[in-house]
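Below, chain A partners chain B and then partners chain C, in two separate complexes.
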Partner chain A sequence: MNPLSLQFILPELILVGFAFVVLMAGVCERLKNWAGGLSLAGVIFSACSLPTSWNAGAVLFSGMLVNDGLSMVLRQILLLIAGIVILLSMGYKDLPSEDSAEYYFFLLVVTVSMLLAVASNNLLMIYITLESISIVSYVMAGFLKRDVFSSEAGIKYFLFGALSTGITLYGVSLVYGLFGTLDLASIIRMLAAGSVNQMALFVSLILVFAGFAFKCSLAPFHMWTPDVYEGAPTPVAALFSVGPKAVGFAFILRVFVENFQPVFTYWTPLAAAIAILTMTMGNIFALKQDNIKRLLAYSTIAQAGYIFVGLAVGTPSGIQATLFYIFIYSLMNLSAFGAVIVIANSVRSTKIKDFAGMYKQDPRTAVILTAALLSLAGIPPLAGFMAKFFILASAVEAKSFVLAIAVVLNSVVALYYYAKVIKTMFLDEPGQQARLVPQSICTQLILIITLIANLFIGIWPHLVIHGLENFLH
Partner chain B sequence: MFPILSSLVFLPFLGAVGVLLLSKENKQLIRLIALAVTGLVLGLSIVLLTKFDPLQTQMQFVENVSWIPLFNICYFIGVDGLSIGLVFLTALLGFIACVASKGINTNEKEYYSFYLLLMTGMMGTFIALDLFLFYIFWELVLIPMYFLIGLWGGPRREYAAIKFFLYTLAGSVIMLIGILAVYFNTFPHTFNILEIQKAATFFDFRFQITFFLAFFLAFAIKVPVFPFHTWLPDAHVEAPTPISVLLAGVLLKMGGYGLFRICLPFFKEAVVYFALPLAVLAVINIVYGASVAMAQTDFKKMVAYSSVSHMGFVILGLASLNITGFNGAYMEMFNHGIITGGLFLLVGVIYDRAHTRDLNKFGGLGVQMPIYAFFLTMCSLASLGLPGLSGFVGEFLSLIGTFPVYKTLTAISTIGLVITVGFFLYSLQRVLLGGLNPTCAKYSDMNVREILTLVPLLAITFIVGVYPTVVLRFQEAAIQGLFNSWGAH
Partner chain C sequence: MAEITFFFIALCVCVFALLSVLSRDVFHCAVWLALTLLSVAGVYFYLDAEFLGVVQVLVYVGGIITLFVFAIKLTAKIGDKSIVQVNEQTLAAAIVTAVLFYLLFKVIAVHPWVSGPGSAAVVSLKDIGNSLLTGYVLPFEFISLILLAAMVGAIVIGKVKK
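Our next item is the complex of A and B:
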């Protein structure tokens, strides 16, 4: 085996090692409380061992994985997400402490799958990582086993997920029938060389797309999202809203935008239609929500629509805007979910009306949630505005004015429900006196860091853009 | 060189941060800081006025630093004759409204930090010369305004705040598409307003029409132009007095300023094409705004609708497409800011005593509050356009400019003037004249603080009314320049 291959997956190997250490720690009574800290250490070590340069030509595991700019960017983002989610989980009071080791074990395992997923360059590998992310996700969604909603979330996620990954597998098998290989690099060469049955290719690609769209919660595959987010433990919902979504977009980017776009003539109109449908459905359904987790779920659907605009446009600036958006979106959304965790610890509810007067009781968290929501709404000078601006710029540059108008009109609709939460926290009188509970220092700290990042990147976006540019060219 | 414009923008911002860092209990200190900062801004703006060379058409006090190189975005600011008056107006009303904020006695810390942040946004809008920067400042105004109306406003404040927020956001996001389209159609791509003005002659007609409308929508909502005015009465009525002053005095001017700074030079052919519809809308604003004001029983709502009517003259002057009209429109913006700011302060004075703004619940206050009666009469007369006071000059110039172009429309718009005289006199009659309403017998006259906030406004109204050149000389060269670049096409 190529020694480069092993070196490339060193971060994953470290995570697997730590995952088992965490599992062992769970058995030992005295080490139990260290599970979170250990997994955080694992993520940090793993991040330190990420490759420092990319080389798309290197053959890793016979072409199964690829070390290109895209995988490099996304592995960094995913490890950052995993780190933040671990810190948020430490402050989540509903997590049964006797199960916490298993929880962090699953968290690390799903991170390993996600890291491998974004580096996959073979449809088989893509399918396997997709499935392994899904299976761990089902367990995590239903992790609060004494909570009916959590179990329901697990089952629902499983049923929808199994169906859509099954469809993807069927599509993958059709692609294999057409090309005789699942290696994306070989498929490109064959596409360039000879003719393929357009209709068959179209059908198989649509089927493959279904599973990816499910993970990104793109309409019409978004139905599971609110139920699962509502029932799943909040840090898990936070993870689902960013991690697997980033992976799904990476798959779409790798398979559709980079490889099949030249032959897949329907891609641009189809993708544009899906993007508009997704953001509109997400925003319209979000208007009526009274539960913050469901509201955020619909908001993530809408955000997926915005992200997808960059891919629908498909130009280099669109791709760059998409990656930038995924990064910013991860920060903002984790910040929002984290603030919800902290507030819900105090008010013991995720109903929006129970957040009334939160500004008077816990001003810091209320401000953090407000900043995250305004950033999601795309209000300058927050990072979310810059992200939306780059997406819009790519759409206008490609003269897709329909997409651009859809994005901005949706932003206005979205502001209404984001502002509703802000209004409840700032303007409404507090109901029953919420009992402020002591919060985890780690969670507080990471929330403040995301707040600062949110402001800082909003004012100096080129720091991140520069980073991205290095990987994309 | 001392970055005077940056100080104007970022002093309030630093003040806001400073206020946020203080403890809630230091109410006196918080208020003192806000007063000091806005006072300093006013002082700086006066220095700016004295150092400004009104004869130049070039941008002055320019600062230009690269900000986001990827999109060629710069931190590019400067003032010329189009912006200097509005910068001074913002600084003046910012300070006066801050003095008038004495009545705010809940959550002072948050109030003053939002207030100062609002100052940053308003200042920045008038001096930004990079479209992207302009947009950031333009939007920055929304968040503090939302909270200022929503937290310290009247009974229907939440509705008014969200309506204001959604309305203006809807306009400005469409403008954002326009900004991007302009950027990608300028070669080399740039957000620099001055560069785009030079390149704008290459925009083809269809492009101009489409994106004139995109920008116009944002500005029309802010001005507000009929039928986009419905947010204004709600926002004005619910906002606390000092915020109403800024809303009418400064925020509405952002729309007018945008039309002159961006729409006129960028989309010349489109402006010519749309001149008649613009003039028609302006006349509707004037007549309709005045008629609705006539029907109000709420004092504040009446003043709010009178703003709709007055801003119609700004649009009318612009639609005349000649120098006189432009000058009139620009004068009107400055004068309206001063006069209507004063009127809102006066509504606030009576509201603080009566806790009602119902015009029918007053009467005979002329005897009870003579000083108040003096100020209210003067401001009303100025607003209804009595010659010798400043309101007259702008409207008159605007009408003179329009008359040769649209005779019928000009004639119709004078009906609006008559109605304006009607409702102001009618309101004076109901508030000041007649027998003293017994419920008003305990009202004390204006105190020193209230008088001090109004004296400078009234003084300016007098001076400008008698000697309009003090304002005109600042804007004339710039408007001539704008017109020349325009006529040359």
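Our next item is the complex of A and C:
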């Protein structure tokens, strides 16, 4: 084993350490309220140790992990997501206070799993991290035990998730049978050396794909998304909509685009079909939703379709556009969910009609939610426009005009339901006077930061793009 | 002779697996599942993978099936209910399963798999222990974290509010 391996997982080790401290803090009555702050400190220390881990060499833990551009970029994004979700959770009023330490413990464990997942270069490690993210997610989805919907979300997520990771595991076992190894680097070498039966490869890879697609909620594996997002605590839904999704895309990128694309001849048409199906299904079903969490769930399905376009194209510019989109999408979506948390704390509901007249009662949050939704719709000068622009550019560059047209048409449809929410908040008369409750300063802060980032990156996207290029090349 | 042994074990796996999904009593399902898992352990022994066979019996039959039985016995009104094993999606499910079966059958037929006892190197317990703490040390240690999280999760879900 490479002695630098431990240096590479320093951020994960710090998080695990803090996870244990947080769990212990839950035992002591006086320390309970510190769980959120402690876990935030863990994420910050972990983020500070990231640059050290980049110097640890390329291949670690006998090839289990790899230290490349993709893992560097995604580990930063994931830690940022974890930090924002912790801040949002601190401002979420429905969290049962007696279990709050366990809640933050799960958040830290899922973060560790996600960090290891994006660096995994072995199908065994990929499967274990996928399963670990899933197991913790089931508990987090059902965390509000007194809420029937939350329990339903937990059990639904568990049933679908167990089935799809089981299918992935079966596919992995077939890949092992075909190559005699699970190490992706060795598999690349064997693929280069000799031919492999296309049929056998196709079937095993389709099975492996099922679990990844489930995590990204790509059609036809998206059915769980609205029910789980609606029932799960809102910060957990916010996490599900960005964190495990980024991991799923990282898996697809690593396994399918980087490794098997040259031999897997069906990849491009298949991926293009899935991308178009996903964005269309997401947008069409979003049109008639009356609950903001369900609407955002369908919107994340559609967004997953846009992100997947970059992977279907599979060119270096497509991969770069995908990573850029994942980053922007995470900020926008967390901003939207954060605003929903703030508004729902006051109106005690997530029905869109209860958001009526929000502009008059809480103008700041209404404007932030509007900016996030317009950015998700891809309206300039917000960051979402640039993200969509790069995805479109990569599709056009690769001459995938069908994909490009599908993205444009879908964006038009999507604008309708985003605009409907904005219209309700600004133009409709408030039904009953909602009592404004004082909001946590953390949530307010994170909402303002995401709003500024949304505008700033929309106007100067090249700053982020340069950063991405530095890591990827 | 070896072939006959294999086909006998394989037949047991298939029949018990079918019974465990077709049986209408949830307790019977658990028993058939235990027999399925035992037969799978038989496959491992047949292929000289003794360690895997023993672990299969210990973990699945000894641990998980016991847990199933306890869960069934402790859950009110689930033990004596006759469960319906089909729903309105049967036809769609049958088509998907048939296609998947056909594809898997083709895959198994076309690829020259390593098969039969003695065809793969026999791995000793010592080798397994060594590789768990060298090449596979990261997944091995990481799984312990998952187990801790799963235990805490089970307690959080299961505990009654005071």
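Operating definition for what follows: the second predicted complex is superposed on the first by the 465 of 473 C-alpha atoms of A that agree within 3 Å, B and C clash if a C-alpha of one lies under 4 Å from a C-alpha of the other, contacts with A are read in each partner's own complex, and residues count from 1 in each chain.
Going forward, a contact is a pair of C-beta atoms (placed from the backbone, for glycine too) under 8 Å apart; a residue touches a chain by one contact, two chains touch by 3 or more.
All values reported here derive from a predicted model rather than from experimental measurement.
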Superposition on chain A - do chain B and chain C clash or fit: fit
Touching partner for A:109 - first (chain B), second (chain C), both, neither: second
Which superposed partner A:258 touches (first chain B, second chain C, both, neither): neither
Residue contacts on chain A - larger count, chain B or chain C: C
Which superposed partner A:136 touches (first chain B, second chain C, both, neither): second
Which of chain B and chain C A:64 touches, first, second, both or neither: second
First (chain B), second (chain C), both or neither touched by A:94: neither
Smallest distance from any CA atom of chain C to any CA atom of chain B, in Å, after fitting: 38
Touching both chain C and chain B, counted on chain A across the two superposed complexes: none
For the chain C and chain A complex, residues of the former touching the latter: 103-104, 106-107, 110-111, 113-114, 134-139, 142-143, 145-146, 149-150, 152-153, 156-157, 161
Chain B residues within the chain A interface of the complex: 68-71, 135-136, 139-140, 142-143, 146-147, 150-151, 157-158, 161-162, 165-166, 169-170, 173-174, 176-177, 180-181, 183-184
Chain B-touching residues of chain A, taken from the complex the two chains share: 374, 379-381, 385, 389, 392-393, 396-397, 401, 404-405, 408-409, 411-412, 415-416, 419, 423, 426-427, 461-462, 465, 469
Chain A to chain C touching residues, read off their complex: 1, 5, 9, 16, 23, 61-62, 64-65, 98-99, 102, 105-106, 109, 112-113, 116, 124-125, 128-129, 131-132, 135-136, 138-139, 142-143, 145-146, 154, 174, 177-178, 180, 197, 199-200, 203-204
